[in-house]
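For reference, the structure is listed below as structure tokens.
Letters are used for the chains, namely A, B, C and D, taken in the order the chains are written, and counting of residues starts over at 1 for each.
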């Protein structure tokens, strides 16, 4: 979930309410806040805590809320998890420490220590392009022995790696393997993945839910058709900017065009300028999202 | 400066006092806390604030205190800077945002925004191996226009880049260019650098001060001799571990061997095991540090 | 196809004959020689020419032969292509220049120049882990305008990128998009890929042919089952070594265990030692390959 | 030395003669052909052989000629070395295999094998930005035991690494440690390096010779002044292009402006367009090179 903002350190309560209701209406099976799409590392600890509380309150048990606690500081991550537990979240998600270069043995040890200190079940979040480190399949194998580590989300985009994760995780049937890049949701499900975490579900949640269901049902033709819709978002909304941040700018600009929340981004990023905004508005119109996003059967 | 700890979220007050006095006795011209050697990104916001206060109190104006405020969150970095200003620090240091991939134009913009929000002068800290981004010479050129950005510390180890920084910074005579890797202190000074930030000064501060002075005086032979001493530390104390963290483990183990503080590291890292500890003790003995580090003329 | 050797600059003619017949018996639709699995960049120009001749002779038109001409030198690549044309090859394959860092505009220009100088149709080969450069989707889009560039093989393992290639290539229906990592063959076919280039087909060609056919036919369950067989090879034969080269060592050791050719590798690599060899023999036995590889229906 | 060309596979004999005489007139102590500045990996084997012969003939023993034999193929590298020996070259230079990812143990083994197969002494050439692999100090330490490995040229730009090379190489007094980036020539000499390999010596050889001599003599002020001249070349001639290739384009365009040879580049690169050419001509004029490069005392 994106994080609606009114200013650098000001949460947009009304926007948050609209965004949550928009996403839940699409039929999602859970809500993951404070991930990369949620700009979590850019937000102050205070604002992150406020978001956790408000989101849990608004969702009010309709779906499980997963809370990203990724933080370079172990202590601050644990504190955030405690806040999540108090607020009623179902689980927490951590991408590993991301400042210091870290070896696999060290990653395994500190992640086990983290899990032991947490009041909630932990999902690993593999995001090597941002953290500079992969949770190697052998590291995940070792971490399977920690009972309250309950799954992994992989955003590497490397499906050979992902397949090896599935292979390793087969040893613990309760361990969930989720795919990050939404463009690969169908393929991941075909491989045996348990689900996906899809930033595009901020915009068109029903599309991703339908794709998930088609893939689960083995409906290849329908999955291919819905995947084309996902790629269309990916090659328009996410591709309007020049830099990596174009992904975040695109989502926020589209949410603004749909009337859900402002397009304000947390530093170090800025909203799109007028040209890109106009482009996003055009895309939103073409995608048929202006009059509300269609719910797919 | 390293950060003496008694536990994961417990600052070692007595160790901190000993360490500060040890370093100041070596004749250093300033104290930089909460950098990479200080494990800053691993520490909780609370502990970082405590360290700032205690250090400023202990130093009590004898040398300027520079405070690392590097944080993925803009808001939390500004808050830390305010705390530093209230505590009497002289300046702050920021390595740039380090989670999201960021383009040079974005880095320049957010750094200018940061500087505008800070109550203290700002040093840039170029640390691409950890932050995934370089402050390109052209970015530094643009940031020279921001008056309260007063210098840069470069830890890239790329001296061609460093030379270009010096070239660019010549346009603003009050702008300080400092070298990160202590093994290159003499060469950097010969090139025209204004100083260095040297982790080894936790252990043998007078060595680095003497080297700085020899290099400033153009005493090539003496600089070469003292540089050999720096390389000796680098190829023993910093090289006892297998991973990048061996640098941090080595410094803390040496400080422990010298009776200054415990060898406790903040997560995600662990102290050396017995074999490496014994090796460090041997090195410390051979370097003549057991009976107190010699002060060089 | 792997390259059977009797020594550093000595082709194994009998082994080559056995290997070609073994692979063709598995029902493959084409033969790609002098790729990474063929250790092409390690072989002398002379030996590469010899291999091209012998292979074309032995195959004798039963399937098309594709010849890797990847070379840091443009001139030597063209010369190799001329030799391939004279020998009766169907097409050539080039991964782009791989010594100098190269920009996308430069890659597009030099590849168009190369295609213009070639006597045979050209397949692009995306292999960024080895060449340090990706054929970006926009570069491929530009190269679609060159008629004798007829396809691309992508070994990046990045399926989002691969999906974008498919999207771009849809504009030219005669342009083939092939997947490199064999572990992703089924998923790539489901996405719309035209085929795969699979190093494991040196060992068990029928497995990959069957998987291709199941995926083409949309038989999800059978594709999943056969994919498990592919992953079994990937996590045994390819995983016995410590380094990247373990992939090449594993294939050659397995071919030796099957009696097809020696396990000699071209420098810079060496064959497996006794321990890894024994492991590979065990795997080969367990995979049922000792008595000849089974042909799947 | 740059490689003067009349066309893609055509050596410029007259230009080569002029260039060699221009460089030797500057007082250089040796000539290194077929390095990165010489575009060696882009040249056909045939043209490389022709260049070796012609150069050795023209130099005719006035200074030692070092020949780059870097090639992804071990066999072709040895053949090139034999040609160099027959032509009268003094030594060969190899950067290691550069297509396959290679581990340090493998790099050490294959380099020792290469040295054993060579008819001439071998210099290692550390160029990790192009080859994807570093000769780690420990690997160099092992290779010191091979008597006909006689030195190393380091182009990493990482002076901490370079300092460790010097430290390791001190064990063999006949082993030469040379610096690659010309901007660091003085600093490297101060550290104890034996010399430098400087692409800019194609343009203004006497500048680099003078700098070398000033640094050897410990003349800090003069070294700093001459270093400023080097940086001036680096920030003008080498900085006129957008990509890495701008370095090669700049050197060739400057040689053309000076009337020494054409600005033709081997594929995959193209000469500068009119705008950059005009800029280079302006720089050449400002550097005072139009009327012949001044010889420094």
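Methods note: a contact is a pair of C-beta atoms (placed from the backbone, for glycine too) under 8 Å apart; a residue touches a chain by one contact, two chains touch by 3 or more.
Keep in mind that what you see is a predicted model, and the values were worked out from it rather than measured.
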Query raised in the report: What is the shortest path, in steps, from chain B to chain D when you may only step between chains that touch?
Result: 1
Query raised in the report: Using each chain's Cα centroid, which is most distant from the centroid of chain C?
Result: B
Report task. Write the angle of the rotation needed to overlay chain A on chain B, where the fit uses Cα atoms and the result is rounded to the nearest 5°. Result -> 180
Query raised in the report: Could you state the distance in Å from the CA-based centre of chain A to that of chain C?
Result: 36
Query raised in the report: How many angstrom lie between the CA centroids of chain A and chain D, rounded to a whole number?
Result: 49
Query raised in the report: Listing for chain A: what residues touch at least two other chains?
Result: none
Query raised in the report: Quick one: which chain pairs are touching?
Result: A-B, A-C, B-D, C-D
Report summary line: The residues of chain D that touch chain C in their complex are 8-9, 36, 41-47, 72-76, 79, 96-103, 105-107, 109-110, 113-114, 129-132, 242-245, 266-270
Requested in this report: Over in the complex, which chain B residues touch chain D? Could you list them?
Outcome: 157-161, 163-164, 167, 181, 183-184, 186-187, 190-192, 218, 220-221, 223-224, 227, 231, 234-235
